[in-house]
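For reference, the structures are reproduced in the following blocks.
Here come two complexes built around subunit A, the first alongside subunit B, the second alongside subunit C.
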Partner chain A sequence: MFTFILRRIVSGAVLLFVISTVAYFLLYLGGGDIARRILGQSATAATVAQKSHELGLDRPLPLQYLSWLGGAVHGDFGSSWFTGEPVATAITSRLAVTLSLVIGATVVSAIIAVVLGVWAATKRGWIDRVVQVVSILGFAIPGFLIALALVLYFAIALKLFQPTGYIDLGTSITGWLSTVTLPIAALSIGSIAGITAQVRGSVIDALRQDYVRTLRSRGLSSRRIVFKHVLRNAGGPALAVLAVQFIGLLGGAVIVEQIFAIPGIGNVSVTATSQGDIPLVMGLVIATAALVVIVNLLIDLLQGWLNPKVRLS
Partner chain B sequence: MIDPNPAPTTAAQVVRVSLFRRLLKHPTGLTAMIFLIVIVLSAVLASVLAPRNPDLADINAVLANPSLAHLMGTDSAGRDVFSRLLFAGRFSLAGALLALVVAAVIGVTGGLLAGYYGKWFDAVSSWLTGLLMALPGIVVLLAARAVLGPSMWLSMGIFGVLMSPAFFRLVYASVTAVRNELYVDAARVSGLSDARIIGRHILTVVRAPAIIQAATIGGIAIAIQAGLEFLGLGDTSIPTWGSMLNDGFTNIYTNPLLILWPSLAIGLTCIALTLLANAMRDELERSSSKPKRRRGAARAMVSIEKEPVLVHPEVVTEREFGEELLKVSDLAVGYDQPDGSIKTVVQDVSLVVRRGEVHGLIGESGSGKTQTAWSILRLLPEGGRVVGGSIFFEGTDLAHASEREMTRIRGKKIAYIPQEPMSNLDASFTIGSQLVEPMRVSLGISKAEAKKRALALLAKVGIPNPERTFAAYPHEVSGGMAQRVLIAGAVSCTPDLLIADEPTTALDVTVQAEVLDLLRELQAEFRMGVVLVTHNFGVVADLCDQVSVMRDGRIVETGPVKSIFADPQHPYTRSLFAAILEDGEARGPLVEHAVGSATSVTPTAAPREGASS
Partner chain C sequence: MFRWKRLAAAAVVVALGLTGCSANTGTSGTSSTGATLNLGVLVPATSFAAAGMSWANEAPYGQAVYDGLVRANPDGTIVPWLATSWSYNADKTVLTMKLRTDVKFTDGTAFDASVAAQNLLRFRDGTAANKSFLVNVADAKASDASTLVITLKAPDPSMLTYLSQAPGLEESPKAFGSATEKTVPVGSGPYILDQAHTVVGSTYTFTKNPKYWAPKDQHYAKLVYKVFGSSTALLNALKGGQLNAANTYDNSTLTQIKAAGYTVLPLELNWTGFLLLDRDGTVAKALSDVRVRQAINYAFDTKALLKTIGQGYGTPTTQIFPVNSPGYDKSLDSYYSYDPAKAKQLMSDAGYANGFTLSTPIAPAFFGTAVYTLIKQELGAIGITVKETDPGNNFIADLLAPKYPAALMVLQEDPTAWQLANFALTDAATFNPYHVKDATVAALVAKIQTGSQADADQATKDLNTYIVKQAWFAPWYRQQSSFVVDKNTTTTVQQGNAFPYLWNFQPKG
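Up next, the complex of A and B:
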């Protein structure tokens, strides 16, 4: 088990390193004359050269990268070119907001998807068909369209929720709920659809396994077998989909945050992108990649807990 | 649809044409297809269909409501929404198409190379795929935009690269599956070049799933592109559905209708693509999946005339049997068919099992013996049920008992030993917990007591180190051990009747003998009635008192083992005997065992320790 965890951590670190290297070179090579872009067309050549020197952009790129990497290992990802705010603080404060949305959506969609998937798989018939159609639609309709529809209906027409804004979880739980309910709902629908389809499929598969018949022959009730044995066996593939959905939710949050004017990572991404604030963009890429690596590691650990065979491989 | 590798072969064309034809008969598929054709045509013919110049701003008609002049109203710059929607379709669809082409070219080529040639290319590309999938697409697109500027085409090209793993995985999986098929080997031996083999044999397999994947990815590309434009990070010089959505969102309070049109265009196109993909998948699955046949399940009944069952008269034996435990009368088992009919797989089966008696059910696979066994436990696979007759067990008709009653009877009164030891243990739980759980439920005993019983049972069935096996997971023990565990589980609640479904078929020959001895011993000790399903007359001779020969879902001959062995009447029974003689000798001196005392232990018996119960 220990080597299993260690190997996952090492491979995650390698992945992060590769992504950071590729991203760094692509971003800085493709950026053109960065100092000129920051200072604008009216700046003189001398001030541009000075700015370049200030930012360390006059050094060879591999050297720049190494010094960035040296800082990154210690948590220093440089500063924004436009606001001067350290990248690390700029991102962490917003990441918390985004994570509260994404984790909320993950939990909500996992719970609903398991209920729907098990229900469809065990009852079959028309319930199954309805669940399937709904999950196809949920998958097909882009999340931000759902978000727009929710804003129009629940916030603007019914005035049940605030259409925009964000109240921190620390400030007020009910306030937080009133601002994140619609975004989380908008984010969840797509992933509910994806996970439900997977849960349904793997529960149906698991129900057909020989050991289910044998357990029933020992006098265990169907309900007990579904919740104890079938769900545990169907959990593996469902968790794999959950990991993929988490990446999707992170991306979806970027757009959904814009619709609801939530000051999360999506907000920073859009500003940094349109300004060409490369240190900040670089920090964002690393932050999302690190999140994905961490989530995959957690999912792997859960898989190992669910399935004893995984622990050996 | 996009076809990245134009290497059409006649076979592939047939696949495609027939898939297309079948889609025409699929209502959802047809609707989706017609809708998509209308969307594509309206985009292509935008310059003919559009009533106005899409970029012409009319300052006097800003945010106008729909009217005859402006069918869908005007936007915040006074441009005609309907005309813009048509022209935007061009760019949105072309962008999605670009992403699709890039994804398909990279994914399909990569998948073919990695799958067909394997080795290092395999490892590298699989790793790259993992890398590409590790980042949310929109973050990568945003980062790319920071450097490369706002170009819809560039974004969609990059998105194509990001989506290429979807094609890669699909093609890779199909190719590795096909690569080692005999007909591909044959093609290689007959001197076809790799390119020809890939073109002719492998692309044929991959084509249909790749088209389905393309429809799905097309939908995602349209959605993500609209998302980018909606964020205001798109190319402002061209009209797209996403930028129209952005305009509508900005003016959501002044003219909520404005957001409706692009939403409909994006939403309906995405839904149509997904539904089309699903319809294609449905049709493909329908054509390729012949009804899955499980072991011993649902074989088509060859309608043979009902012939009288050959019944041998009772003979006097030294063995004494108790009261009648199980009485099956005129049992019929059927499976629901998709068209609403019922396919009968077992018919007119009658048999009686008394306490202490072993009744063998013998026949070739598909003869209905396993179906009969499962129907006694009411554990038939999905769609299967008892459609006629009765199964009386200790006064209850199991054929009509509620599921609740059955749950009470199973395990405690009637137990089951399956054929495949490994697949019948849940790999996620320890062997011990799978023994303890049913005992706690059926007997209502404490965990500690159940554990004590389980350890004693494991010792009783001849497992050398019960403590270790108790804590082990199923994959950590051998097949023979696993079968002993299942036997221990079956007798754990001291049942009256045991249903054993080919309990030794999956085991090595030496282990078979040991397991049969174990069964005989336990049967005698607990004085259980047993229904023993087998296809081996050796096993029948070894263990059974009575035997029923089954063929095509019916019993053709039944009676005491001794009389049937001495004088088989039915030609089918005789042919089964002939088959044993070809296979080798039947095991053991049959007459002695059939008549002799069941407690006689053969020297091959496994060492037993600490037998207690």
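Up next, the complex of A and C:
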């Protein structure tokens, strides 16, 4: 087990290095004149040249990359070129916001999807058909459209929630709920659809297994069979889908955070990338890649705990 | 059997949601008491270091935490602030300013002439976007604690206007060069940045400076600036009543904003049109002929372009000087009226009866695509074939490199003639990338620089007329910028600036 974790950590580190190198060079390919973008159209050519020099943009590209890498290895990711904020601070404060949305959406979608999936798989008939149609619809409607509709109806027309902004959980729980409920709802819908379909399929498969018949013949209640035995077996594939959805939700957060003006990493990613704020974008790339590596590792461990057959050691 | 449990769970979720919201409507609603001013802004602060600050949409950041040497009234008139009086020597190369002596920075350091001199020189030598404003400053010294002497290499008629903007902001000398200078401002201004409630790039909170020397200008106990990266989020925040006032991205949302109870304060800050940069014909020989440039002016149907591209918000014009400039002449708004036949005749007179090819960069991400179709059509109608290139993020850099002889652009209308000349007309101007020299322009600009007020005003008028007749540009219209305020807030738009000045915001009633 320990060797497995160690191997995953080492491969994760290699992955981070490769991703950071590719990202750095890609950023430069589409970069353009960053100093001009920082200073705007009114700055003179001399001012722009001086700014380029100050940021080290007049050095050869490999040298710039090495100097960034040297800092990054020592935990110094520099400061944003557009706001002066240290990259580490910018990311940690925003990651917490995004994670509260993404984890919230994952929990909500997991619970609802399991309930719907099991319901459809055990009841079948019209309930099953309705659940299937609804989940296809949920999958088909774009997240941003759902987000916009939710804002217009629940925040602006009914004034039940805040249309934009974010209130920290530590400041006020009710305030936090009023700012995250709609984004979580918008994020969850697509994800619920995907997981529901998976849970439904897995549960139907598991219900056909011999051990279920044996358990039934031993007189166990159907609820006990489904929740104690079937779900545990059907959980593996659903968990794999959940992991993919979790990472997908990070992508979904980009749009949802824009619509709700939430200061998360999705929102800042869009701004920083379009501006060419290289230190901040690089920090975001590393943070997101590390998160994906960690989530995948955790899911692998969870799979092992759920299903002894996939344990490695 | 478990239905009641599910119902109960659903009820709890709904109740939680509702309590969350109802508890919050009190704080999210628009404030009318002057307790908090919620401002919607379009950009974060590039830097909070006084020597690196930007202006325009970033002005409210600097004005919250710093005092300026002088202030500009909404009409642009310069009035005293930290400098109580000032005077120039005879040849306008030495500006002497008397400064207040009762001002302290929030770290307890006293403000004096030596601090003011250091701030000026730091701005001149820094990398702020407008550092070139101080290019004429040879030196700044304190002759005594309350007297600042600024020596200029050459007269600069806009110096006082510059000192009312970023170059005049005063930062505590103890903060100079500190590790947190860009994010933690130390000034003497009416408000202090509340870092605990600030998320850089998204939300900036400022609290009242309890020891401010001019408390009459602190109209609010707290300021909250919310940065909106998209027009949709800004519109939703306005519709939800989360903002007292905001700058807007585009005029297409104004109807909805008005319906939400906001008042629109219009202001014309920029002009949209075609830049005819290569007037010497370095790469596009045809543009060196004034008749061709005039033909291009006649080829554009400015009224139709305003309607379709500018959604009708603005005024058609063929001049680049703003309405409040002494150089402004109403008749120049329609000097070239849409006349393709006349345009064709001018092309033929210039020897281009068969037209020519004009290479131009496009920026569909900024201007959309419809406008480029119209340009192709209208120039095509007089025989000019437009060859488009999309330089992506490098649009402005390539334009100023210079890589293109002409381009569609939105340019600012600077508040003073001297600024406008240095921005777009003189041979060293940023938006004269081919460095086209013109003796008439040089002579008129020299008069603006060194002449008496009356002479300078006349020279500005002559300069504007000359530029229009020589067709240096092909302007279409001055587009309306729209600042919006709710029913509890008043402010006055600032001539030449995208954001009203902070001290002009007041709670109504």
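The rule we apply is simple: the second predicted complex is superposed on the first by the 272 of 313 C-alpha atoms of A that agree within 3 Å, B and C clash if a C-alpha of one lies under 4 Å from a C-alpha of the other, contacts with A are read in each partner's own complex, and residues count from 1 in each chain.
Here is the rule we go by: contacts are C-beta pairs under 8 Å (C-beta built on N, C-alpha and C of every residue); 3 or more make two chains touch, one makes a residue touch a chain.
This is a predicted model, so every value here is computed, not measured.
**Q** Pick one for A:I259: touches subunit B only (first), subunit C only (second), both, or neither.
**A** A:I259 contacts both subunit B and subunit C.
**Q** Could you look at A:H229 and tell me whether it touches subunit B, subunit C, both or neither (first, second, both, neither)?
**A** first
**Q** For A:V285, using the defined touch cut-off, is the partner it touches subunit B, subunit C, both, or neither? Pick first, second, both or neither.
**A** After superposition on chain A, A:V285 lies in contact with subunit B alone.
**Q** Who does A:V268 touch here: subunit B (first), subunit C (second), both, or neither?
**A** second
**Q** Just to be sure I read the superposition right, which of the two partners does A:A72 touch: subunit B = first, subunit C = second, or both, or neither?
**A** Touch status of A:A72: no partner.
**Q** Name the contact category of A:T214: first (subunit B only), second (subunit C only), both, or neither.
**A** Touch status of A:T214: first partner only.
**Q** Looking at the overlay, what does A:A197 touch: subunit B (first), subunit C (second), both, or neither?
**A** neither
**Q** Can A:L148 be said to touch subunit B (first), subunit C (second), both, or neither?
**A** After superposing on A, A:L148 lies in contact with both subunit B and subunit C.
**Q** Overlap of the subunit B and subunit C footprints on subunit A, residue-wise?
**A** In subunit A, positions 30-31, 148, 151-152, 156, 258-259, 270, 276 sit in both the subunit B and subunit C interfaces.
**Q** Across the complex, what residues on subunit A touch subunit C?
**A** Going by the criterion above, the answer is residues 30-33, 36-47, 50-51, 54, 79-80, 82-85, 89-90, 93-94, 148, 151-152, 155-156, 159-165, 167, 172-178, 181, 258-261, 263, 267-268, 270-271, 276.
**Q** Enumerate the contact residues on subunit A facing subunit B in the complex.
**A** Residues of subunit A touching subunit B: 15, 18-19, 23, 26-27, 30-31, 136-137, 139-142, 144-145, 148-149, 151-152, 156, 207-211, 213-222, 224, 228-229, 232-233, 244, 247-248, 250-252, 254-255, 258-259, 269-270, 272-274, 276-278, 281, 284-285, 288-289, 292-293, 296, 306-309.
**Q** Under the stated contact criterion, what part of subunit B meets subunit A in this complex?
**A** That would be residues 130-131, 133-140, 142-148, 219, 223, 226-227, 230-233, 245, 249, 252-253, 256, 259, 263, 266-267, 270-271, 273-275, 278, 374, 377, 379, 381-382, 403, 407-412, 414-416, 418, 420, 423-429, 434, 437-438, 441-442, 473, 475, 486, 489-490, 492-493, 499 of subunit B.
**Q** Quick one: which bits of subunit C touch subunit A in the complex? Just the residue numbers, please.
**A** 16-21, 23-25, 27-28, 44-49, 52, 54, 56, 127-132, 182-183, 199-203, 226-230, 232-234, 236-237, 239-240, 242, 391-394, 396-397, 400, 411-412, 423, 430-431
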